[in-house]
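First the structure, which I've put down as structure tokens, then a few questions once you've had a look.
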Amino acid sequence: MDDLYRENLMDHYQHPRHHGPMAECDAEAEGQNPLCGDQVIVQVKLTDGTIEEMRFTGHGCAISQAATSMLTELVQGLTVDEAAALPSQAILDELAIPLSAMRVKCAVLGLGTLKLALHRSAGTPLPAEWGDTDEMVWS
Amino acid sequence: MDDLYRENLMDHYQHPRHHGPMAECDAEAEGQNPLCGDQVIVQVKLTDGTIEEMRFTGHGCAISQAATSMLTELVQGLTVDEAAALPSQAILDELAIPLSAMRVKCAVLGLGTLKLALHRSAGTPLPAEWGDTDEMVWS
Amino acid sequence: MTVSPLTPTDLARIRADFPILARELHGQPLAYLDSASTSQKPQQMLDAMTSFYSTSNANVHRGVYTLGVESTDAFEAARDAVAALLNAPSRREVIFTRNTTEALNLVAKTYGVQNCGPGDVIVSTVLEHHANLVPWQVLAEQTGATLRFLDIDDEGNLQLDALDAIAREGNVKLVAVTHQSNTLGVRPPVAEIVAWAHAQGAVVVLDAAQTVPNRPVDVQALDVDFLAFSGHKTLGPTGIGALWGRESLLADLQPFLTGGEMIRSVKLERTSWNALPWKFEAGTPAYAEAVGLHAAIDYLQAVGLEAIDAHEHAITDYALGRLAEVPGLRIIGPQTAAARGGVVSFVLDDVHPHDIAEILDRHAVCVRAGHHCTQPLIERLGLAATVRASFYLTTTEAEIDRLVAGLLDVRRVMGV
Amino acid sequence: MTVSPLTPTDLARIRADFPILARELHGQPLAYLDSASTSQKPQQMLDAMTSFYSTSNANVHRGVYTLGVESTDAFEAARDAVAALLNAPSRREVIFTRNTTEALNLVAKTYGVQNCGPGDVIVSTVLEHHANLVPWQVLAEQTGATLRFLDIDDEGNLQLDALDAIAREGNVKLVAVTHQSNTLGVRPPVAEIVAWAHAQGAVVVLDAAQTVPNRPVDVQALDVDFLAFSGHKTLGPTGIGALWGRESLLADLQPFLTGGEMIRSVKLERTSWNALPWKFEAGTPAYAEAVGLHAAIDYLQAVGLEAIDAHEHAITDYALGRLAEVPGLRIIGPQTAAARGGVVSFVLDDVHPHDIAEILDRHAVCVRAGHHCTQPLIERLGLAATVRASFYLTTTEAEIDRLVAGLLDVRRVMGV
């Protein structure tokens, strides 16, 4: 089992970083994975085009919640452009466990929601490849 | 081949008996087998509840036309009730060749049409088993 | 008369017929506990289809030649087998569809559209699979009829006391209900519902996707008006299901899909329809799948549907007992085997059901996690998802034991 | 670049893959000349389905467990294979249906109903199979749109000169045409029709049931808007077909059938739909049949669709030459192989086509007799029925020779 739910993953799931709402934020979005019922709400505080803090709330499977928790650490200090360009692989590398196509959706839910928040606050359109994630619900 | 289209059958097909319309008749009906495009129009002259003559017109495959021709001879002199009770097997016995379910419909087209004509002229409803021949078109 | 469940010898013999059960995952044999989603297939069924394709395949209802006759006979014999399975008064009442979903849509889009309008009421329930719920939403929207849902109690038992208030809202035209919930295993009181509906002059549409596979289902005894099931849950192939409907109702309906097979005569100006059942089967049907379904029905009848029912009952009883040993596990739905079929939904503390299913998969135990295509039911129960284990004629106590062991490991991995 | 047809060695190798060709009838090997009705199946396709059922079967899009993932991957890979076969811009444009008929009904009952009304014109042709004719009759009746049919000349060539008069009758919204007549083998001028239709702002629905099996079909090159075909004519199993449609059109449509799979979220009050292509696939799809179709496509591509096309052309040319030797035989439709696919309809003096087919069956030669689901065409040609022989990648000159010998025997038996 242990290659599935590694210690690091379980640690993030049980002790999520940057968890809980932010009173004031510069960018915000919500994402859902209807298949699993996973949900994350992402909020971002920006300073001079740089991510000062990303926080999240929501619920769902260990993968979705741990991945979003890891993401909050990964993007801290990145510029908006850097974060918006972050590939899915970055978060899969953090999780470091084999995932089926179905669970990859859980893993990238937080990242997709972050990108949506950043693009929306910048007024830029979502990149074309997100057209393929249309099994997810963004709002 | 010869067990398929026996001489007797071919003789009836090429020289149909009682073929061609009747000027005046006591019972009449038309039957079609949409699958093959077979058609027969049956006319009957009755005397005292007995079939004096059955005649037919129409077109179609050898089986349907030969079987109807044979039928005209088979029913001559029968009472209406006897003819109306004639089983399909009677006509299959006359044809005396093996027939698939699909070709049985060709074989009994004339008989079905005759029964319809007789029941219609007597004002009696068609027997229930004819409910099963509803791939055919009667008019 | 009670029928004895399958003996261990029966079970071993049956399991040997299912080639997929020989598969190993992560070094362990498969424990397939997702039969409510789809059934696995006996070799006999697979052989029937392959042998049909290898000897008699030809399009049906068309060829005069030998193959065409054999193919048509095989297809229509499958219809007879379905008619006999359901104790249908006539083979003309059996319409082949892709699955339960298409069968229910067929009713909505023919009987429903042709009989419902403003002032009419359609009744469904909160228990239903989406297949027996969304088509009625669409029908109500299209026709202006009112749609009402019967509620359940917290164990999933359907509450009929709202019926009389519903009847005061308009002419009740159609009541759509499941024969068994695919999520909770609960069986609604169909006889009472039928009596009430018929007193209103309404027809009853029974979703029998979860019962035709595992017990005798008799449309005349049930006295329903339409009934749907899926071949793939009944040991048969995917791509085939059936609708049974009363001939007196089907005869008056305009067709569903149009094209070849279902016509009597086509002219550019005007087309007339074929007789039942072909009026409702447009185009080349899934005839090889019908042959497979026929073999599946033969298999089920050889084992005996009463025996399968008894086996499911016994194994469900065993499972409920064993699952009670897992700390933090809560059964959703009826707590005893008496009131349910071989489907058990549960939650485990606040571990997410998808994590449970994924960890169980590492033990080669296959269960489903999610809403099971019953979102309104899951929401009504105040849940986001459940884990569901479901049983069939191949399920053994050893597989249940592996489920329980796996769940204990879930607790360990998830630290609860 | 011309591709050479299959060599005798290729043909022998291909034929060895089709188990049914080993069958004998009345002591003679089968000469199957009814591929336009349905194709026979290579062992590779049968094995792909059996092996899928025996190792990976689970319901798709649902299970978190390994089998469910494998099953879903196999199903979606089949969609990719269809998209590649048709050169579709996106896999989201490929919708699995039961057959061509359901695909065409889907277009009529979504795009058609949502876009046509009184004052609009729908155009079809007298060449069409009932599947591409009756749905438009029903659509016109339901929406109040006008339905017009393009006529043919006596060889079956579609006459386009009526188009401009048709355009003056209203807004042309939809043009439905066959890529190849299943009765005459004639191929309408699709490029001209598409150019005309698009100039009117109309969409083109192409019935490619007779062409996807035997030549490269490219939806982008054709520039049509919807295209339908059947798996069972394409070496695949029954129970599966596909609709391809432009994403920009499909995206705006309301769904066809409703239930599981095709939803995003279901509440008692309101339901929202899934993304393309799943929005149009309600219930458990024919996923094992999709796996079979994938294997069939792989088989066709390994042989090469250009080579199959060239083979059909060569064998049709041979057949037309040999059939000309039969006294009293009249070919219906184009008289040369250049203008047609591998389908030849004929009549023989006034011998009824069913008698011809039945006598040929005694020679183990399988041909169809009747109206071939094109009653308006048969009537337009002043006929009641034809005999149709149709060819595919397994057809040999020896089989054509047996057809001709059989026809000479028909003359003898029928005394003409």
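Letters A, B, C and D mark the chains as written, and numbering starts fresh at 1 in each.
The criterion applied here is as follows: a contact is a pair of C-beta atoms (placed from the backbone, for glycine too) under 8 Å apart; a residue touches a chain by one contact, two chains touch by 3 or more.
Here the structure is a predicted model, which is why all the values come from computation and not from measurement.
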item	value
Farthest chain (mean CA position) relative to subunit D	A
Chain pair with more C-beta contacts, A-C versus B-C	A-C
Centre-to-centre distance between subunit D and subunit C (centres being mean Cα positions), rounded to whole Å	32
Chain centre separation in whole Å, for subunit B relative to subunit A (CA means)	78
Centre-to-centre distance between subunit C and subunit B (centres being mean Cα positions), rounded to whole Å	46
Separation of mean Cα positions, subunit C and subunit A [Å, integer]	38
For subunit B, residues that touch 2 or more chains besides their own	35, 103
Residues of subunit C whose C-beta touches two or more other chains	64, 66, 68, 265, 354, 358, 369-370
Of subunit B, residues touching subunit D in the complex	1-2, 4-5, 10, 14, 35-37, 59-63, 103, 106
Residue ranges of subunit B in contact with subunit C within the complex	34-35, 100-103, 134-135, 137
Of subunit C, residues touching subunit D in the complex	19-20, 23, 25, 30, 32, 34, 37-38, 40-41, 46, 49-50, 53-55, 57-59, 62-68, 98-102, 104-105, 126, 129-135, 137-138, 149, 230, 232, 237-240, 257-260, 263, 265-268, 270-271, 282-289, 354, 357-358, 360-361, 365-370, 373, 375-376, 379
Contacting residues of subunit C [partner subunit A, same complex]	352-355, 358-359, 362, 369-371, 384-385, 409, 412-415
List of subunit D residues in touch with subunit A within their complex	61, 64, 66, 68-69, 72-73, 264-265, 274-276
